[in-house]
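Here's the structure, in structure tokens; my notes come after.
All chains are identified by letter, namely A, B, C and D, in their written order; residue positions are counted from 1 within each chain.
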Amino acid sequence: MNNPTIRNWLGFSTLALMLASLFMVFDYVPPDAEMGIAQLIFYYHVPLAWVAFASFGLVAIAGIFYLWLGDQLWDDLGYAAAETGMVFCTLMIIAGSIWAKPIWGTWWTWDSRLTMTFILWLMYGGYLMLRASADDTPQVARFGAVIGIVAAMDVPIVIVSVRLWRTIHPAVLVTKQGTHGLEDPRMVWTLLVSLTAFTLLWAWFLMLRFTQLRTRSRMSKLAGRIALATVAASDPK
Amino acid sequence: MRKDLRLELRSGESTLALLALSMLVLVVLVFALGAARVRSVDAAAGALWVAMVFAGMLGANRALLAERDNGAIRGLLLSPLDPSTLYAAKLCAALIFMAVAEVGAVILMVLFFNLDFDASMARLAPILVLGAIGFSALATLLSAITGRTRGGDMLLPILAVPIFVPALIAGVKASAAALAGAPFESMGDWLKIMIAFDVLFVTAGYLLFEHVVGGE
Amino acid sequence: MPAPVVETRSLAKTYGPAVVLREVQLRLLAGAGAFIIGGNGAGKSTLLRILAGLEAPSDGQALVFGQDTRRLAARYRRRIGLMAHQSFLYPNLTARENLEFYAELYSLADPRACAHQWLGRVGLAEVADTRVRAFSRGMEQRLSVARAMLAEPALLLLDEPFASLDHDGAEIVAALIRGAVERGACVLATTHGIPEIDGVELAVFEISRGRLMQHAHKEEVRRGGRIRSLLGR
Amino acid sequence: MGAHFGYLFAAYSIIFVAIFLYVMFIWRRQAALDAELRTLEARMAALTERPAAGAPPRPDA
């Protein structure tokens, strides 16, 4: 997993696919007939949403495993997932907002999907603030795991409640994000390529951050041992 | 093991402060909303829940403070008391705090928003109870976390409020319906959401509490 | 041979690059009284906290009643009494209420009687109904000792039990420690000076540079006598 | 190209700028980690350079 060769390959293929997706969006895919050119944001918005939600799911899974097995590895994974998830979630909200402005005439509406995303964003923002405000002790790792689990548990209830709260889905969302929205096969291809590109980008970020956090955890353990040995070496015999 | 609850309550010096706070929140909202909207049940229900969330937050922080002063939480952890029992006791204490604050807030709401004491109050009660259970369950779990981190007092609302949103939405909607005189059946979905939230978070708190109070 | 009440194996505790404890090998049997001396920040309190299960060792193992202290079940926890720097008392409850509360936590048979008895023993009967908030440091200390000893623990961990006590208070606490050792409890306490308690054979350890060793002046201590060190402090 | 090209361009540039910034952030973290690693190595080296004091007794895991 921490093999640099794999990491570099992943980095290169991510770059290649990102460029390919960029090309496809701007030169290959036909813009949507009704929404015009702004609809092209869709091809990055959806992959961003997917990786953001996948990250948050991973935070919860890592949290469960951390509480169960107590291995620092799971905490490092959860932290890395929360951080990358937050990056992608923020971008998704920004991209969605920029898309909404020309199409709906507003940056933000309290539509159910937007509301849910925003609540998720707040939850994991809280998670990251907690981690940032505390040292990396096993105790804080447990706090993170608990919040990750609790937040994920909350997601279904959030979805149900905001749906009931705001049932007005703008029609564009339903038709264009539904499966039947992409009439042209080129649209499907573009979406698939950008989905793959973002999944790889996510995996790459995750791997880099995870590796860094692993290294840091190992180093702090090592620092303790070196300190012990240093004190011991200077013992009067 | 509920005896510790009684003692904990006696240590809670100022339920009065909670009442004062909910009153202030209501006053602020009355001014913020303007006289025109002060008769609307929607505004009243919203104000009531804002007051409740604030009071609940303050209550959770205060309950925590009692334990933090002399590190009494460690004394509890060292005792043969089971962490889940500790959670249950602290949940009950938080619940009682919130219930007192709620009764006060409802009375003030009726006065400030020119409502009437009638049957709608009876329908409001179970909604508020459900909301208080959910919020206490969540705040008790989270305050055990934030109480042991630097700047934790600030972190508690940041963590708790987003998670509480579904119950908040459901609670406000159901309360507004209750105040408008709607029958219970019409708010079935909202009540179900609140019940689901309560069940989920009481269980989660019960199971996860031992992980947040454990040693460093 | 009876199982030791306290046993540590190559125990080490580090906070980042700071070494607090290392290679701590401690074995205490039931009925043993031991004192640990050492300067401020020597790691005395950390050792007690690890033994009580409040902190996890960075390396090595700490066993109490043969159990790993990182996962102490309730029935072992109830046999440990810890008096730490923090008193664990509720400042808004009275002395009596505090003791009754803890007696209830330990499900003692008669919390009221028990609290009353201990208030008498530590000389706080007259202020039993005063809130702990109004207590002086010395009074709080006495109550804290009573709290730790309430459930007659088989392992008594006392962090600076004589701190901020006057002569009478020190005598009371010394007598309580003697009583605990005599009834077969294992007592491990920390102090600044070399303690002497009438009629109790004390082992004295010193923590120096993170290591726990038998104190050099143990023989001198054995000669016994009054609680000299307490007065000399 | 439609009238909304500005929005499209803004969205894509923000995404790519943010990705670039995050890469920079990871980069900086890596530099900090490397520096920390070097100090650790230096301390390790200082430890092994003093064989006169005897092999440091390793506390067993």
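Definition applied: a residue touches a chain if its C-beta (ideal position, glycine included) is under 8 Å from a C-beta of that chain, and two chains touch if they have at least 3 such contacts.
Quantities reported herein were computed from a predicted structural model and do not represent experimental measurements.
Trainee: So which chain ends up closest to the centre of the protein, judged by Cα positions averaged per chain?
Mentor: Closest to the centre of all protein C-alpha atoms: chain B.
Trainee: Comparing the two chain pairs, does B-C have more C-beta contacts than A-C, or is it the other way round?
Mentor: More C-beta contacts join the chains of B-C.
Trainee: Any idea how many Å lie between the Cα centroids of chain A and chain C?
Mentor: Their C-alpha centroids are separated by 50 Å.
Trainee: Between chain B and chain C, what is the separation of their C-alpha centroids in Å?
Mentor: From the centre of chain B to the centre of chain C is 39 Å.
Trainee: Could you please state the distance in Å, as a whole number, between where the Cα atoms of chain B are centred and where those of chain D are centred?
Mentor: The mean C-alpha positions of chain B and chain D differ by 42 Å.
Trainee: Quick one: chain A and chain D, Cα centre-to-centre, how many Å?
Mentor: About 20 Å separates the centre of chain A from that of chain D.
Trainee: I need the residues of chain B touching at least two other chains; which ones are they?
Mentor: Those would be 215-216.
Trainee: Quick check: what residues of chain D touch more than one other chain, meaning two or more?
Mentor: Counting only residues that touch two or more other chains, chain D contributes 57, 59.
Trainee: Tell me, which residues of chain C touch at least two other chains?
Mentor: Residues 12, 22-23, 56, 59 of chain C each touch two or more of the other chains.
Trainee: Under the stated contact criterion, what part of chain A meets chain B in this complex?
Mentor: 67, 119, 122-123, 125-127, 129-130, 133-134, 137-140, 142-143, 145-147, 149-151, 153-154, 157-158, 160-162, 164-165
Trainee: Under the stated contact criterion, what part of chain D meets chain A in this complex?
Mentor: Touch residues, chain D against chain A: 1-5, 7-8, 10-12, 14-15, 18-19, 22, 26, 29-30, 33, 36-37, 40, 43-44, 46-47, 50, 53-54, 56-59.
Trainee: So in the complex, the part of chain C that touches chain A is made up of which residues?
Mentor: Contact set of chain C toward chain A: 12, 14, 16-19, 22-23, 56, 58-59, 209-211.
Trainee: Where on chain B does chain A make contact in their complex?
Mentor: Those residues of chain B that touch chain A are 138, 141-142, 145-146, 148-151, 155, 158-159, 161-163, 165-167, 169-170, 173, 189-190, 193, 196-197, 200-201, 204, 208, 211-212, 214-216.
Trainee: So in the complex, the part of chain A that touches chain D is made up of which residues?
Mentor: 22, 25, 31, 36-38, 40-41, 44, 48, 87, 90-91, 94-95, 98-99, 101-102, 201, 205, 208-209, 212, 215-216, 219, 222-223, 225-226, 228-230, 232-235, 237
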